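Heads up, there are several structures right after this.
Shared between the two complexes below is chain A, which pairs with chain B and chain C, respectively.
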Partner chain A sequence: MNTSLIVLEIAVVLLGLGVLLADLWLPAERRRALGLAAAFGVMMVLCYSFRLDASVPQFAFGQSYVFDALALFFKRFFLFAAVLVLVMSVEFSDSFHGGASEFYALVLFALAGMMFAASAGGFVLLFVSLELITVTFYVLVSFQRHRAQSLEAGVKYLILGALSSGFLVYGIALVFGAGGTMDFAQLQQKLAANHELAHKPILLAGLLLVLVGLGFKIAAFPFQIWAPDVYQGAPAPTTAFLAVGSKAAGIVLLLRLLQGAVPDVAQHWEKLLMVMSGVTILYGSLCAIPQRGLKRLLGYSSIASAGYLLLGFAAMSRAGSVAILYYLGGYLFTVLAAFAVLCVVLRQADSDDISALAGLGQRSPLLAAALTMAMVSLAGIPPLAGFFGKFLLLKAVVEAGADNPAFYWLLAVALVGVVISLYYCFGVIRAIYWSKNTADTSAIEISMPLRASLYACIAGMLYLGLFPRAAVDAAALAVNVLKL
Partner chain B sequence: MTLEALPWLILFLPLLAAVAITLFFQKDEERSANFSIGAVWIGFALSAALLFFTAGKAPLETAVNWLDVGGLKADIGLRVDSLSLLMLLVVTGVGGLIHIYSRGYMHGDAGFSRFFASLSLFTFSMLGIVLANNLLMMFIFWELVGVSSYLLIGFWFEKPSAADAAKKAFLTNRIGDFGFLLGIILVWATLGSLHFGELETALKNNPQALGALATTAGLLLFCGAVGKSAQFPRHVGLPDAMEGPTPVSALIHAATMVAAGVFMLCRIFFILNVPGSMALEVIAWIGGFTALLAALMAVQQNDIKRILAYSTLSQLGYMVMAIGLTAPGAAMFHLTTHAFFKALLFLGAGSVIHTLHHEQDIWRMGGLKTKLPVTYLTFLIGTLALCGVWPLSGFYSKDSILAAAAEHNIALFILGVTVAALTTFYMARLFLVAFLGPAKSDAAEHAHESPSVMTVPLRLLAVPSAIAGFFGLEAFLEKFFHPAEAGHATSFLETIFAPFNHSPLAAFFGLFAVLLGGSCAFSLYWNATRDVLPEKIGLLSRAMRNRFYFDELYEWFIARIQEALATFTDAFDRWIVMGLVRLTHGSVELTGRALRLLQTGNLQTYTFLFAAGVVALLYFVLH
Partner chain C sequence: MSLLTAIILVPLLTALGLVFVPRNLRFGVRLIALASSALTLLLALVLFAGYDSAAAVDGFKFVQQIPWVESLGISYHVGVDGINLGLVVMGAIVAFAAACCSWEINRYEKEFYILLMVMTGGILGAFASLDLFFFYFFHELALVPTFIMIGVWGRGERKNYATFQITLYLSVGALLALAGLIALYLQSGANTFNIVQLTAHLKDQPLPAKAQQFIFPLLLFGFGILVSLWPFHTWAPLGYGSAPTATAMLHAGVLKKFGLYGLLRVALPLMPEAAQQWVAIIAALALGNILYCGLVAIRQRDLNLLIGNSSVAHMGFCFLGLASLSLIGVSGAVLVMVAHGLLAALTFGLSGYLHAHAGTLQMDQFGGLLRRMPFIGAAMVMAMLAGCGLPGFANFAGEVMVLFGAWKSFSWVVVFAAWGALVIGAVYMLRAVRNLLHGPLPEKWAALPDANLWRKLPFALLLGALLVLGFWPRLLTEKISASASGIVEMSNAGPERLLLKKPLRPLPVRSTAKTASQPKAAE
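Presenting the complex of A and B:
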């Protein structure tokens, strides 16, 4: 076995263990530095990942771990997200009331799970990595033990997560029973060789149940119900990681499953995916309108984003997959920028009501600008990254419409969603700049690392929006490994 | 570094300066000014280098493929040929001097950094128009010029008149731009490309490619120039642009914005000049008419900047007329010399205004000859150049336009000579009243020369204003527009007297007009303390002073027709559109609130919904 393939994961796990151990010897007042050290370590791993070459797919643990361009794309994605989440956690650590080092370590373990998920080559690693992510998130969500809201969110996530894991593992068992293999590559070969198999109800039911488990992760309709409550209750850095990392892990697994392992089956699920996508978009966008809580609002917008990502799956084309990866790239910068701002704004405030943003324009122009840009990008307005992501996804849908006119309806639904998202995104911007009653006008201090993170996010949003070419090429390279 | 990188640098340095000033140096005045000035002067140096390295070579094209995803292809490209090179040098050179001058003029203003940031943004937009290699990109920068000129004209936004003027200038531009956009779409629809090089080849291979739409397309594109270069009937907006600080007037009215229209027409001349198109005919007459109208209006203005503004209008009319007379070379020639002497005149006027504590009425000036010696001398050179006195630059460029008119259209030739006489008349009036004669106010009595940061640009501008006429500019342009008739080398002396050999009729009539206009002005305004012209021509003078009641006419039009239209659309908007909006908004909001009821927060409900979802999913696929 080639251990050099999992060197990134090993480094991250060791880093997590190191943080736990260092916590034993460090005096309490210096633990703050531990989070920054962890962020720095992850950044080093991220830098090292650029020295790896994944142009030829390589395997470990038999076929169940695969290291290819797609895996590397997502590993970098997760590493970058983790750096920013760790910086946010340091910013937020005061409101944990102790135990911050465990929080950093758990973030690192969840990161390792996501990185394994990116390389899943079979159902075994799919399940194990998902569980690693989910179990760590149970703790991360309920980390503010003194807040009932946080505990409530943790319990809800635990029970619904366990339920979805149950469906998932049952589905895997059914697929194994029908197909006789746990590996994606072998399953794909069997399906290609035996067309009967693709219509076997047992196999279909199994795959659908796996879809349930993954749909839960990305918060797609009808498994989105947990998202608003959990997003709202969890500490802001956890919510950020949940919205970006956990969702992207679900997406990469969906890509590997639907477009890598069972493309022949997924072809027939066009209608299902279209319905899921359209309803998810509308549900997320519509429910976001009356929201006053910022994290809850972002929770609904994250549901809508899951719907947009499903557009790419419904289109079932190369262009669609490229668009998914591109959209995720833009989503990464956009959502992390928004949460980084929220971390600072909500540090003292107990509620996350939208009115907490009043006067932000005067209190900190940088925070105000970053959140404004994030909202503009989320609403999909040029020249920011969000616009181009949505544009590519819709373009893929239009191209698919040439074969199946039903896609034009999907396009119309997606456009309605875009228009609605303008409404709630601008509600936030209005709160930043045009709030009437501004109680507190003191300037907000921003630490150096967070400032750097915000600049990185802003630069990312602008770069992806203005020069989409490089990212589109990278995404196209990554989806080469899929069977489309 | 390859040659291709130079135009990109030239284009983006001012943008970089604008961004850097806005983000980092708002409070550091010294550095803001240095950044802004540095960017434009480096641009000038690089343009000169480009001129040197590309001399005699094919046009340099450099494009970046911005995006190429399955069938959708978008390019950003720059084109460097003689036309854009000349314009680059004018914009960065004259613009650069104005930048330096601004440093003195704007000294102590609260928005000093903001001013330089806007100035750099404006330069960036203008350079974009000059360098664009396709119509779409040109249009984008065209709009950017509109926006940045709005920022500059409305720079003193706390003054209501400035804010209004900025709005008016922006809107007048927008109307023209709409026509321009339609023209672009029409060209794209019929010829399938917006790239200048491709369009030119397409029209060369098949001159009938535009078919019956040739005139329409040409005139629609011309609409853009009408707006930017303030041709009749959109000439009303330009003088209002005087509300900005004087360097802005100089920049917008001399070297850059208004010239953009003329430059654009030269750029797309091959589209206008297709057989069967009437566009050029119309363009020539509109240009000539604007020249005459504006010259008449200038005769009875008393505000020094307004006189210069109307004179700009009139000169732009000349240039547009030259294009209509199929002499784009003459138009560009006049554009270049005009950029020099008009910038000089505006900056000279600024120097006077600055020293007289913002006094702009020429009847409250006078006796400035000894008190402002540098301003006086340089202003004199500018005035003589504008009037077209041999051998200053204005004579040569005006002569080439008159020669083109004499060749093609004798009516327009007579019109052009009349305008030349009027030009000399109003400029001599301005000069005699403002600089000579007795001091007519306290401020004028105690005036003293402006600081050298302002007078040095005046001196530097005076040189090209004087000599640009016989410097080979004309040959340079001729080579670009008529490559077939390669220019033959002539000796220096021959060039100086060339107009008299080439088209003696035009040259002599031009000089005669100068003499006529000048002598009339002398007899009326030598040592005058008040304007005696109204007594002599009465009604006509009132009409001139009131700009032939065009503003009133427009106001009446707006009051009657537009008001009625506005009332109607307002009612439509209020009752029908708003109703629809309310309905949509209400139903969407209601759905949102209703859906939220699902989100009870109750875990049992959630689990049930989840399981129901699983069942629905299985049923959907397997039933």
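Presenting the complex of A and C:
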């Protein structure tokens, strides 16, 4: 077995344990620095990941852990997200009322789960990594124990998460019963060799149940019901990690499953994925319109984003998968920028109503600019990352339309979603710059690390929007490992 | 760096630079924006003077191409030929005039000028692009500031409704066009967004008829909504009525022409078979613009709504010219696009001046203004006369060419269009002149000031351009017809040529192309 393949995960887990241990000896007033140290450590791991080479897929633990270009793409994605989330949590740590170090450690453990998910080569690792993510998130969501809202969100996430895990395990059991293997690669070979198997109802039912479990992770219709409540109740850094990391983990597992393990079956699920995608887009966009709470608004918009990502799955093509990865890349910077701003604003205002943004343009031009750009990117307006991501996804859908005209209807739905997203994103921008009643006009202090994170997000959005070539090439390289 | 790239970058970089200017330097912000748009205008004039249709490569001059995403065939590619040269120069003139007319903005100036500069850069980029992706990219870059500007600095009670309506209509139009463009890219099989390469590729291997039949309507209605094609025009009068002056000038004058330009550059030549099936419908809808919106304009009491409706009506001529698929008609349509851009900017600028000083544009409240404001009044009379197609203004030259060009295919439409332009146009324009400028001067307007030298500048510039092109349309038409002949030829390629690859039989339009270019050859 090749232990060196999981060196990144090992480093992250050790870092998490180190944070827990350091907490024992550090005086309380210096624990703030612990989060920054953790962020720095993750950044080091991120830097180290660029020295790894994944051009040839390598395996560990039999076939169940795979280290390839796709895995490395997502590992870097998760590491970057974790750096920013840790910086945000340091910023937010006063609102935890103690226990901040545990929060950092849990973020690191969830990160390890996500990184394992990126490498999942079979159902075993799929389930274990998802559980690692989900169980840590139960705690992270309800971390503000003094706030009833946070506890409520935790309970909701726990109940629905446990339910979806149940579906997932049941589905895995059925697939194993029908296919006789847990490994994606073997399952794919068996399906390719034996066409009868691909139509076996037990296998299909099992896969459908696994899809339910993963649909819950990415908050796709009809498993999206938890997202707005949990997003609203959870502490802002948790919400950010949930929106970016947990969703991307679901996406990479879906990619591995649908396009790596069972591409033949997934081809037949075109209609199912189309309907899921269209309804998710419409549900997320339409429900976002009347929202007044910022986190709730972002929750609905993240549901809509899940719908856009599903467009790429429905298209079932290389172009679609490249678009998924590219869109996620843009989404990372966009959503993290938005949540980094929210962390500061919420700490100041103690309410997540949209009116808390009033006068932000005067109070802190940097925060205002970052949030504005995030919203512009989310609405898919050039020259930011979101535009090119949506462009690639729509292109993939039109491409698929050549074979199946139903895709043109999906395209129409997606376009309607884009128009609606313009509306709610501009609502936020309007609140930033043109609110009538500005109660507080004092300048907002932003700490150095957070400032750097905001600049990084802004640079990322602009870079991906203006010079998409490198990211598109990286995504194209990553999806090479899929069976398309 | 090509001159064209400089023209696009100057406003965009200015927008970026303005971000770092302190907000309380109001005059400074304004001065920077003015200087930047003046520089853009200057560069555009240099471009115009340096354009020489004979020496063009592939028909394009000032070309610059930088690969952007090779795997998708997207590159930053700009260049001008006779068709978009006039549009780019007109855009720069209107942008400068719009920056001059923005003195009425008195809150959030910094943001306003940033958006104005982004809009200017986007507009110029959209018309200069020879890559479908950037063509759309720049248009969207210009469109979004429009919505924000109307929403924030707009006027009137129905501002919010107007913002909502224009955002919805134009986003839907733009996205329909985007879907069409992507479909075109994929169906062509050339794996390039480059318009020049696509055109060459599709000339040899035309799109299958089935593909043409679903892409063409997407582009026609997508672009059509952006140009306020009847019956999708309802956003325009209200939107312009509620927009701040500069936004209305830039959008009605320049950005709106994007749809027409797209039809001419992309839809007609690349999908000739579908185009030939649709031209009759386009002509009929164009008549809807000319007659219906003309009649609606007669009923308006608000000057801005009148101008808005009349500007929608004028778009009918452009559509009719394009539908004629003849060299004269298409050249006329391009000339009308340029002329109307100048005219719309002029009329919206004048009405903006009036609104800023009087606070209302209800025409029945005015009268005798010519005595108080001789310059503004005289400019308004000239603008109104240009609007009803008086010879001497560029609009006349363009509209006459359109009517001549369309006569062969759509004689009946031409009859009604001429009637609509001359009679209906004259009725509302002259009634507006009478209501505003003649008759007794009400007491309350006795103190209205005429424009000072500085305020006169944009109007004089726009009027001058209209007159120059009116007396000397050859300045543009020669360049236009030289470039449009290829497009017209492709759009007229009949199905039989596409199937059998027979040499193109001489079309009547080609003889006019020769006569148009002969005197130049003689020189």
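Keep this in mind: the second predicted complex is superposed on the first by the 483 of 484 C-alpha atoms of A that agree within 3 Å, B and C clash if a C-alpha of one lies under 4 Å from a C-alpha of the other, contacts with A are read in each partner's own complex, and residues count from 1 in each chain.
The rule is simple: a residue touches a chain if its C-beta (ideal position, glycine included) is under 8 Å from a C-beta of that chain, and two chains touch if they have at least 3 such contacts.
Keep in mind that this is a model prediction, so the values were computed, not measured.
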item	value
Side-by-side fit of chain B and chain C on chain A, or clash	clash
Which of chain B and chain C A:L21 touches, first, second, both or neither	neither
Partner chain(s) touched by A:W434 [first = chain B, second = chain C, both, neither]	second
Chain B versus chain C as contact partner of A:L394, first or second or both or neither	second
Contacts of A:P468 with chain B and chain C, given as first, second, both or neither	both
Which of chain B and chain C A:P383 touches, first, second, both or neither	second
Which of chain B and chain C A:A148 touches, first, second, both or neither	neither
Chain B versus chain C as contact partner of A:W269, first or second or both or neither	first
Per-residue contact with chain A, leading partner among chain C and chain B	B
Stretch of chain B, among 42-50, 60-68, 96-104 or 474-482, that runs into chain C once the two complexes are superposed	60-68
Interface residues of chain A shared between complexes with chain B and chain C	395, 399, 423, 467-469, 472
Residue ranges of chain A touching chain C (in the complex, touch as defined)	369, 376, 381-383, 387, 391, 394-395, 398-399, 401-402, 411, 415, 418-419, 422-423, 426, 429-430, 433-434, 467-469, 472-473, 476
Chain B residues within the chain A interface of the complex	65-70, 72, 588-589, 591-593, 595-596, 598-599, 601, 603, 606-607, 609-614, 616-618, 620-622
Residues of chain C defined as touching chain A within the complex	19, 67-72, 108, 111, 133, 137-138, 140-141, 144, 147-148, 151-152, 167-168, 171-172, 175-176, 178-179, 182-183, 185-187
Chain A residues touching chain B - in the complex, by the definition given at the top	155-156, 159-160, 163-164, 167, 201, 204-205, 208-209, 211-212, 216, 221-223, 225-226, 228-229, 269, 272, 275, 283, 286-290, 319, 392, 395, 399, 420, 423, 467-469, 472
